[in-house]
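Both complexes below contain subunit A, partnered by subunit B and then by subunit C.
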Partner chain A sequence: MKNKIITILILLSLLIPVTIFAITGEEIIRKADEIQVFETSEASGEFRIKDRFGEKVSTFNSWSRGTEESLIEFTSRAERGQKVLRTEDELYLFFPDAEELIRMQGSMLRQSMLGSDVSYEDMTGGKDRISQYDVVLEGEENVNGNECYVLIMTAKVRTVPYPKEKVWIDKETFLVWKAEYFTKSGRLLKEMETLEVEEIDGRMIAVETRISDKMKTDTETIMIISDLKINIAIDDEMFSLEELSW
Partner chain B sequence: MVLLLIAAVPFLMAENSITVDMELYNTVLRTRDTSLNSYWAYTMAGKGAISFKSTGNKNVRADISGDIIYPDSSGIPGFILQKAYIKAKFPIFRLTIGKTRLGWGDGFVFNSGDVIFGSTSPYINLTGTELRSETTWLTSVNYPLGRFSFIEGLIVAPPVSAGLGKLQESGAGIRLYTKASGIKIETGYYFDGTDRSSYDITYTETTEALSINAFHRPYISLQGNFGPDWYLNTSLAIPEFYSTIIEFIAKDTFNISFGLFHMMEAGYDNSITLRLESVILPYFNWTEEDGEAGSYAMLIYPEVSLGLGSTISLSIRSIISPIELSAQVTTGFSWNVFEGFSLLTFVTVNAGDGNDTFAWEPSADSVDGISIMTGIKYIY
Partner chain C sequence: MKFLISLAFKNLTRYKRRTLITAGAIAFGLMMYIFIDSLLLGLEIESVRNLKWYETASARVLNEDYWENRFQRPLDINIPDPDSIISKLDKNGIKATKRIEFSGDLILNSFDFGEDGNMSVIVTAIDPKKDFDVFNFDSTIQQGRFPEEDEDAVVMGSWLAEDIGAELGYWITIVTRGNGGFYEAMDMEIVGIVNCPNPNVNRTLIMMPIAVADEYLAMEGASTEVNIKLPESADIDAEVIRIQNLLNEDNLTVMSWKSMAADYLAIAEAKRGGTSMILFLVFLIAAVGISNTMLMAIFERIRELGMMRSLGMSDKKIRIAFMFEAAGIGLIGSIMGVILGIVINFWIVNYGINYGDVYRDMDIGYRVQAIIRGAWNFKTMGIAFFAGIFISTLVAFFPTKRALKMDIPSCLRHQ
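For the complex of A and B:
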């Protein structure tokens, strides 16, 4: 009996490190979110929206501070000079042709930028996926030579764009290499793939991603971030109405 | 011309960007000949807007832009100078001189806070992306008070009709823009020295011959959110000099506009935008009377837009005059096919009796209440 107890204790003790150090789905998502949040950032970028009629390119410059403040200036011809200032719970839009400053709150924050799959909320990294999704670690897979955790995320709230997501997150860098977005019934809507990464300030950052719309044929959005600088000094006035309306 | 040359200097000296925004339409409309017999007319219509914006100096900005408009019956294309301004950013304030617009108050169609240009008239083209775009020659100084507040002062040049405008015909104003308890608060005052007769300073009850050359125009504008975004503006125009009629003129010009705005997802990849605005002039007519078209106490603007993906948009916009039960309804279709290139279609229908603000067969106009426009827009 004594030997049996000792054997069980030994077996349990072998399991202890596994239990203590095994990472949970929530922790993986939290780490993946953390690498996308910077003290400050400055970048240029573009969306290449392709469909059967060709390609539309929209370009922008952006500045952000923490998870709640950002300024985006559109530089492509059709939208040139339009700016969006986002703060914690409000959005200011500036239309240079009308010299109009518009303050908005609520629903506008979740709207997509330039008709892309990226929302104003996403641009600041202000999302809190842990409070919005139930996360289950489904397993591990290799994506293009990168060992990844595979997670299933099911929405807890109705305010997220997709009720269900499946994401592949790098086991070392916590970079999202791939994601699939589903309806509640499990129908695949969109697929995201990271095409190019850059190591900036010790973090692996996706600088080129492709989003394919699985409900339409021949459509995809490529988002390219160039000249990304993080944790740099940015003047407080950058996130002000003065800069917005300039 | 001298001013134009001065304004052109930054473009000659620095880098600039040129944008052309061209819209061309085939238009079919119901109209009447001199014998008042109705017939269907066909015309081309459109305009090309050209903008030269400076880009070289981060502390100085300038823009010259104008609209070339499809020729009228004279056969000569029209030209309107929309903007010609220079802005300079100094360490503690910003200076703007030239022809441009300042957006005071809140509102897409009705904005009682817009005391400079007046945005309460029911007669507006609902096919545009910007419904109020009037500009004027002005000098403004913007002084920041922290990140989300500022004071702005301006002087508006008098209109040039015959010779130089008189000093007392100038406009001058100041506004404060700030935020408190989650609500945007904007308040200001504008001295309107012109004797123009804009919709929101029309007065109805006097029998005296009026000669009022100037008005004091205070306003307040608030904006917040309770699910949808809301905004509320109010203003009035007080005659400059005291007279026995001052009280009811100021009363007549008292106007309030308010609006609600909300965007939501509508199924996969689609969105619905809802907007509802209204302007109320409480001392105008609350009952229908002959000859009072366009001067009733209430107007309503509802708008529903459906965005299908990122390229197709369907919209229905209307100005409703509920007191006389007339309305103008514009349905629109827009398809952004190629980069900068869109196909557009608008159908505008008036529904109302002959003397209504929006009449199917207006008694004082040769154009009946229906038009169909289909065309293209290209920004390059």
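For the complex of A and C:
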């Protein structure tokens, strides 16, 4: 009897690492989201938008505060002075030539930003993914030498653009190395890959990512972030409408 | 007076060749006026008809918030139960059909099209059972057929098909957003090509069955619009109010084709100004032609006029005789002009002018494709008839007056 109890205890102790230290899909997503959020940040960067007609480069400066507020100001010649402000509930565009402020809402958010493979909606996305998706940890895979969790996210609601996402998240750093976005009927629509990372403040941050539209040929958008500074002092007025049109 | 009329008539018959040539010139001018008026009126009538037959229907039921957002073609601002509306309208003898209109990216693959490509498109999902009761697409099929109710297939406008090199049996992919905003991709076979007389539609049309769109876009029976056909003679504005009262639903609005095509009508109104100017110029050319012919006719008869005066005929009687003669020429010219106008109008109304592919890639605003047909306008013919007589008489007055101011020897020596 005593031996039986010892045997059972040993067997149970073998299960401890699995049950106590096992990580769920939701936790992985939460951690992946957390490493991308800073109290404040400032960066400059560029979009390289390629299509069958060639490549276009748009440069920008950006500022963010928490998960909800961000401002992008384009500095390249063609778009100089154009601004995109994201506040808690809204997204605004400012066009300096027309001195026009546009509140993006509804289906306007689905428009492509500067003709890239990124929509304005993609910029507002990422909020509360756990409540919008069922997350299943499908397994583990190696992506470019990085051990990753492979997660399948299936939308619970119709209001998200991608009904299904497959995400590869680094097991150690929780950086998203790769993501695939699918339509409702399961067609691969877009793919995101992290090309370059940088360690900032103890976190691995993607500083070069490539998004390609898999339905179209010869199109991709590469986003490069340079001079990323985090947790710096930013004026409260930075994310106001008054500042946007100033 | 009887003598003067008789004299004028004798003069007309005495100089048959001159009378015919002068009347012929008047007739040509009037015929051109009738022809141009018919063409411009026909263009406008056919344009409005094609607008209603292929674009707007007579009226449309929409979610009250849809119209202001129509350029985004939102699927979430919809009519949740269009079938109940159609049934209600049907009970009142009004033909109606539901449609879903959405925008998307058309993806072309190299396997069928020779090279990969994509373009923005607007897709119209129709109810194949009811759509032809309201719109007139059934007679426009050029190749193939319309899709079955539950078939993943589309029909395409012939100009769009030409532009992208599409043929029957080719497959296209439409990437769009469903109701709520999710991405969806649909693979569709091209089973039909329509040649729609409305160039705006023919240039962009992609049609698919509404049941298939409903499934892909998660519409759950909702539609973005219910289109209504009303008799041509109906008072559209009154009917719209009647239908609005009939439906009696808070979040729905009924719009007449005139409200939906307000932009077109504004352009048409502006064009009407230009049309009037063209007609005025044509009228002016005809009037100048008539005047010139009459002037020549009077001036070459100054010696005859001098003879009449030397024989003792009073100036007043001479003037009246000449004006009767001019009116007679005008009458003959007007009769000939209207007859010629009717003949040419018959041809232009029934056969029209095919200006082919000249305006193929040009949006001239009018919803008319290659063949411009005329229209009967009896008012214009009446105006032309009386104007021919009036102008001829009027222009005879001045040279006669001038000739009568000359002394008799000068008149007799006039070359």
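Points worth noting:
The rule we apply is simple: the second predicted complex is superposed on the first by the 214 of 246 C-alpha atoms of A that agree within 3 Å, B and C clash if a C-alpha of one lies under 4 Å from a C-alpha of the other, contacts with A are read in each partner's own complex, and residues count from 1 in each chain.
One rule holds for everything that comes next: a residue touches a chain if its C-beta (ideal position, glycine included) is under 8 Å from a C-beta of that chain, and two chains touch if they have at least 3 such contacts.
Just so it is clear, the model here is predicted, and its values are computed rather than measured.
Once the two complexes are laid over each other on the shared chain, residue contacts for A:Gly81 go to subunit B alone; subunit C is not touched. More subunit A residues lie in contact with B than with the other chain of the pair subunit B and subunit C.
Shared-chain residue A:Leu241: touches subunit B; no touch with subunit C. Applying the stated contact rule after C-alpha superposition, one finds that A:Ser185 touches subunit C and leaves subunit B untouched. Of the two partner chains placed by the overlay, only subunit B lies in contact with A:Gly54; subunit C stays clear of it.
By the touch criterion defined above, A:Pro161 lies against subunit B and subunit C together after alignment on the C-alpha atoms of chain A. When the two structures are aligned on the shared chain, A:Ile102 is found in touch with subunit B, with no touch to subunit C. Once the two complexes are laid over each other on the shared chain, residue contacts for A:Met215 go to subunit B and to subunit C alike.
Touched by subunit B in one complex and by subunit C in the other are residues 106-108, 161, 183, 189, 215-216 of subunit A. Those residues of subunit C that touch subunit A in the complex are listed here as 69, 72-74, 76, 105, 107, 116-118, 173, 175, 177-186, 216, 218. By the touch rule above, subunit A contacts subunit B in their complex via residues 49, 51, 53-57, 77-78, 80-81, 89, 95, 97-108, 111-112, 114-116, 161, 183, 189, 213, 215-216, 236-237, 239-242, 245-246.
Those residues of subunit B that touch subunit A in the shared complex are 17, 19, 53, 61, 87, 89, 94, 100-103, 106, 130, 132-133, 142, 144, 146-150, 177, 182, 184, 223-225, 227-229, 261-265, 268-269, 271, 309-311, 336-340, 379-380.
Interface of subunit A with subunit C (complex): residues 52, 106-108, 110, 121, 155, 157-163, 181-185, 187, 189, 215-218.
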